[in-house]
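Heads up, the next two complexes both have subunit A, just with different partners, subunit B and then subunit C.
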Partner chain A sequence: MRFTYLFICLLYSQISLAELRGTGDLGLIIEREPAAVQIISTSTQTSLSHITGLGDLSHASVVYSRDARYAFIFGRDGGLSKIDLLKNKIDKRIIQAGNSIGGAISQDGKLIAVSNYQPGGVKVFSSETLELIADIPATYAPNKRSKVVGLVDAPGQKFIFSLFDANEIWILDLQEPQKPKIQKFSNIGKQPYDALLSPDGRYYIAGLFADNGLALLDLWSPEKGVKRILPDYGKQDEKLPVYKMPHLEGWAAAGNLMFIPAIGQHEVLVIEQSTWQLIKRIPVLGQPVFVMARPDGRQVWVNCAFPDNGNLQVIDVKDLSVKKHLQPGKAVLHMEFTPRGEHVWVSARDDNRVLIYDTQSFKEIKRLPAKKPSGIFFSSRAHKMGL
Partner chain B sequence: MYKILFSLFLSSPLLATELPESRQKELKNLLKHDCGSCHGLTLKGGLGPSLLAADLQNKSNEFLVDTIQNGRKGTAMPPWKPFLNKDETRWLVQLLKNQS
Partner chain C sequence: MRFTYLFICLLYSQISLAELRGTGDLGLIIEREPAAVQIISTSTQTSLSHITGLGDLSHASVVYSRDARYAFIFGRDGGLSKIDLLKNKIDKRIIQAGNSIGGAISQDGKLIAVSNYQPGGVKVFSSETLELIADIPATYAPNKRSKVVGLVDAPGQKFIFSLFDANEIWILDLQEPQKPKIQKFSNIGKQPYDALLSPDGRYYIAGLFADNGLALLDLWSPEKGVKRILPDYGKQDEKLPVYKMPHLEGWAAAGNLMFIPAIGQHEVLVIEQSTWQLIKRIPVLGQPVFVMARPDGRQVWVNCAFPDNGNLQVIDVKDLSVKKHLQPGKAVLHMEFTPRGEHVWVSARDDNRVLIYDTQSFKEIKRLPAKKPSGIFFSSRAHKMGL
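Up next, the complex of A and B:
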């Protein structure tokens, strides 16, 4: 009798222990074709669960609530889904537009902003309930709305974004969510296609598809306007075709250097911050898509667009040259570092797998099956600005 | 359905060049994922316009084949000639126009 009682107590304590867990080592892998996500653990390097019913997840991206419990997934079809990482389920899901490209979470964690292609603009939702709080059409001429790209969060409850069709950058100030304030910058350069924010939240830089150089906005001095950097870059070189738009995700920075994918050239550009001069053009095997720094800034990992998308190259920041060439599989779409960078997870879409590499030895540690995997997003993003 | 297919067969010389099954599969994957990165996985549009059948009906096959083969200068649409020959491109255009 007493033994049974003890046994039951033990059993219960085990169960409740098993239920308690943090989310700091969790993440999501987007599976494009079944439109599903896998919740994974970077500690056990296993898939914990599968969630389906998420619409069109081509070009999906993810941000996390500040408690890192919830993931917000932005789908191509305008779907905004809130996933509970602890309960392994969809907490809420809405279709908020016809066609969307990405999103961001506000400084205080209360607002989710989504950038839309169709109808062009930004919508802002409560992160709690996904109720609409503000609707900002990207109207730039009578009856003309632009596709919105490069949406990031910035200090002071702001969101910054670019208008692909209108060559503008807008700052959306939501200190008072019911009374959004907008500051617009026009003629910033032709066809901004994506943008990024420096980790300190000071600089917003947009890449220009149909113009030379990049558009730079110093958020500490917005009154100075948008300035063009590297205006002469690529002027005389013939532009190579771009089969996939590069992503300016995160600020691949190391010390005072910043690494950016060139567009129409098979190069990574190294720029010195503060002077904004081009220090070096590092040749890579194709049109770079993601150029991402390991969290300690010692390495920069680069993948390429079709048809060179089987390659992954690693730049050693110490001497600004390519140190390693990996071939993880067919159609390498994305990579994500563990929070302190000892490992990197890489998706190989057409091989239906995700590979984990040791970033020191470059050895493959593990493979996980995934159906047409694309983006990989770890919960450590919860506490980073500008993603 | 068969009727439609049959009449297509008669009316369109494009289908005369049948592609091997394996190549068809590759092209479908290309369309979905690589064209899809700009036109959307379901081809409803993204940075590039919708490629749904209804949105392409009024455009001639030749025009669309030319767009895909040579891209459009000054826009983000790249030329696919290095990866798709004319027959394959025609096959893709047919596929696009006949998707439901």
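Up next, the complex of A and C:
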């Protein structure tokens, strides 16, 4: 009998001891095949656990609860999974739609919004229970629902998103979650395909797949409507076939400059934020996919679409030129900076590894094995807007 | 025998269970009399525990480990205490100097630097063990050591600080902790009394107690040296007696604007960051002490020195004017925004309470009892530079 107690006791205390850790330095690596996530620590630079049963994780993205204990994973198959980073397990999981493209968490941390392709719209869930709180179909004409893209959270319990098929941007105000308020902006440009929010939560900018320029909404002055910036961008250029849609989710801002991937071109565009003028086109090795600023804004890191996706280039923001060229491996899909920018984690899908670089010396610090890794997401995202 | 096991087991599991929480939404409230700290949760808006034995906590400040599990408290009496937020207790504590004014944590989280008045200098400790790693006396002439103020961490394992008595700014590079490198800038202006770093870690600005203007160092171009900005600030003004030194630690930046408290004046100065020109002086009710931007930069909150320290004013950054006046209680000493800005916590020392406000409606949400509360510090600071 006493051995039973002892066994239970030891087992229990083992589990409990394993959980005694801060959550500020944790993160997730998405593995595509077979679909799984690794929980990692950026302090020990090790993998802490491995979780399966999460459905299709191609193009999956992640947001975090305000205490940085729970991760919410948005799967491409419409799955929404809540992971407990301390218990190393799935806390809750639902299939909320047929085809989903990402999500966001509300300013107060209580609501999770998911943007869906099929059926087109946004669904809002309790972050506590994953119960449905609001269902916002993206209906723009009788029986017509649009794919929803570029969903971000914004200050004041708002979510902002774009309707690919309807050429619209909507502001969803959930201060009273049972009474959602929607403000719609139409004719914002053809086929918005993704969007970003400035780190301060003020400017929402949508990329336009079938139109020139970008659509800009100033959330401090929504009454002024959506205006087109960079109207000449995309006009004269002969477009290359687009191998992969660039991502606009990571707003790369450094001081007064903003960096975005040019769609269909081998260029990063540099925009001056007070005038919204294009001040430079920086040539890169391929079609840029992620264009991300180191947290201090001194460097901008760029990966590229197939067939140039073995490259990583680093722009020095001081003189707006490429200063470093790295080749981390085959199919570099994503990167994530540690919160204060000393390191960057890079996934090389077809080499089945994640690499950690020192961002000052560009030295490789460590490699971690991962099966077809794609997105990397650190828990410090819990405290940021517009992701 | 089996009851002993059972008892130990239950006791152990109780302790362990109590600790199972994320650390992203935790924080500390400093209580001055009797000296203590409260560990709080910004999610539940409750006090979790109360820790004493920390020495003199007047003017205490706090930084966090990169996992947001440990808080490092810098006491005015030279005490340096490491608190375990999960075990609710002091992990380690040393007396490192006679009179201290604050500290910072290195970019990689491994080093804690403390700025001392007496003996004047900076000491650097291991964040793991609190063992001394480097001792940097602020010697500027034979047998003369300066008080050190305005210590901040900066990218690249650096600490930047100012020498009040020597009119100098030093950059301390600790990439090799055993071989500290120091770069000194002299004649930067008379009596630097505090300093701040821009949120991106690029600009270090020191306030000058006995000189006009502010001293600016661009860390991207240190070879250009320290230059004076706002040279007319303080020149013509008849100075009022200064009841309390304003704090520059909280850089209030909103887009391209920077807000700082005018020393000895009832004004907040607004500086345009690309030109470093003063673009507005905003009148406030008293001598401003803390001038802090809500994380989205839309509002700037200002408290005042005695005898106007019952007031809190809110500047709307959209039109640069005071939009709201609150009176939270007697002796409003400090405020801290939740990471995504929906709430602000305010300490009212002489009313023995901390108040939580909704920053959009300005409604008071809750009051927590606290004994002579001063500083409030949330664990999301773990991920920020320049604090």
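In this section, the second predicted complex is superposed on the first by the 368 of 387 C-alpha atoms of A that agree within 3 Å, B and C clash if a C-alpha of one lies under 4 Å from a C-alpha of the other, contacts with A are read in each partner's own complex, and residues count from 1 in each chain.
We take it that contacts are C-beta pairs under 8 Å (C-beta built on N, C-alpha and C of every residue); 3 or more make two chains touch, one makes a residue touch a chain.
Values in this document were obtained by computation on a predicted structure and should not be read as measured data.
Peer 1: When the two structures are overlaid on chain A, which partner does A:S58 contact: first (subunit B), second (subunit C), both, or neither?
Peer 2: Touch status of A:S58: first partner only.
Peer 1: When the two structures are overlaid on chain A, which partner does A:F125 contact: first (subunit B), second (subunit C), both, or neither?
Peer 2: In the superposition, A:F125 contacts neither subunit B nor subunit C.
Peer 1: After lining up the shared chain so the two structures overlap, which partner does A:E342 touch, if you call subunit B first and subunit C second: first, second, both or neither?
Peer 2: So A:E342 only meets subunit C here.
Peer 1: Is A:K147 contacted by the first partner subunit B, the second partner subunit C, both or neither?
Peer 2: So A:K147 only meets subunit B here.
Peer 1: Once the shared chain is lined up, is A:Y233 touching subunit B (first), subunit C (second), both, or neither of them?
Peer 2: After superposing on A, A:Y233 lies clear of both subunit B and subunit C.
Peer 1: Quick one: classify A:K372 as touching subunit B (first), subunit C (second), both or neither.
Peer 2: It touches subunit B, and subunit C stays clear.
Peer 1: With the two complexes superposed on chain A, say which partner A:R76 touches: subunit B (first), subunit C (second), both, or neither.
Peer 2: first
Peer 1: So in the superposed three-chain picture, is A:W301 touching just subunit B, just subunit C, both, or none of them (first/second/both/neither)?
Peer 2: Neither partner.
Peer 1: Look at the residues of subunit A and decide whether subunit B or subunit C touches more of them.
Peer 2: Looking at subunit A, the partner in contact with more of its residues is C.
Peer 1: Once the complexes are superposed, what residues of subunit A are shared between the subunit B interface and the subunit C interface?
Peer 2: Overlap of subunit B and subunit C footprints on subunit A: empty.
Peer 1: List the residues on subunit C that touch subunit A in their complex, please.
Peer 2: Where subunit C meets subunit A, its residues are 1-2, 5-6, 8-9, 12-13, 16-17, 19-26, 41-43, 64-70, 85-86, 107-109, 155-157, 200-202, 220-221, 254-256, 273-274, 295-298, 318, 338-342, 360, 379-380, 382-385.
Peer 1: List the residues on subunit B that touch subunit A in their complex, please.
Peer 2: That would be residues 29, 32-34, 36-38, 40-42, 44-47, 71, 74, 76, 78-79, 82-83 of subunit B.
Peer 1: Within their complex, state which residues of subunit A touch subunit B.
Peer 2: 32-33, 56-59, 76-77, 98-99, 101, 117-118, 147, 164, 191, 193, 209-210, 241-245, 306-307, 331, 349-350, 372
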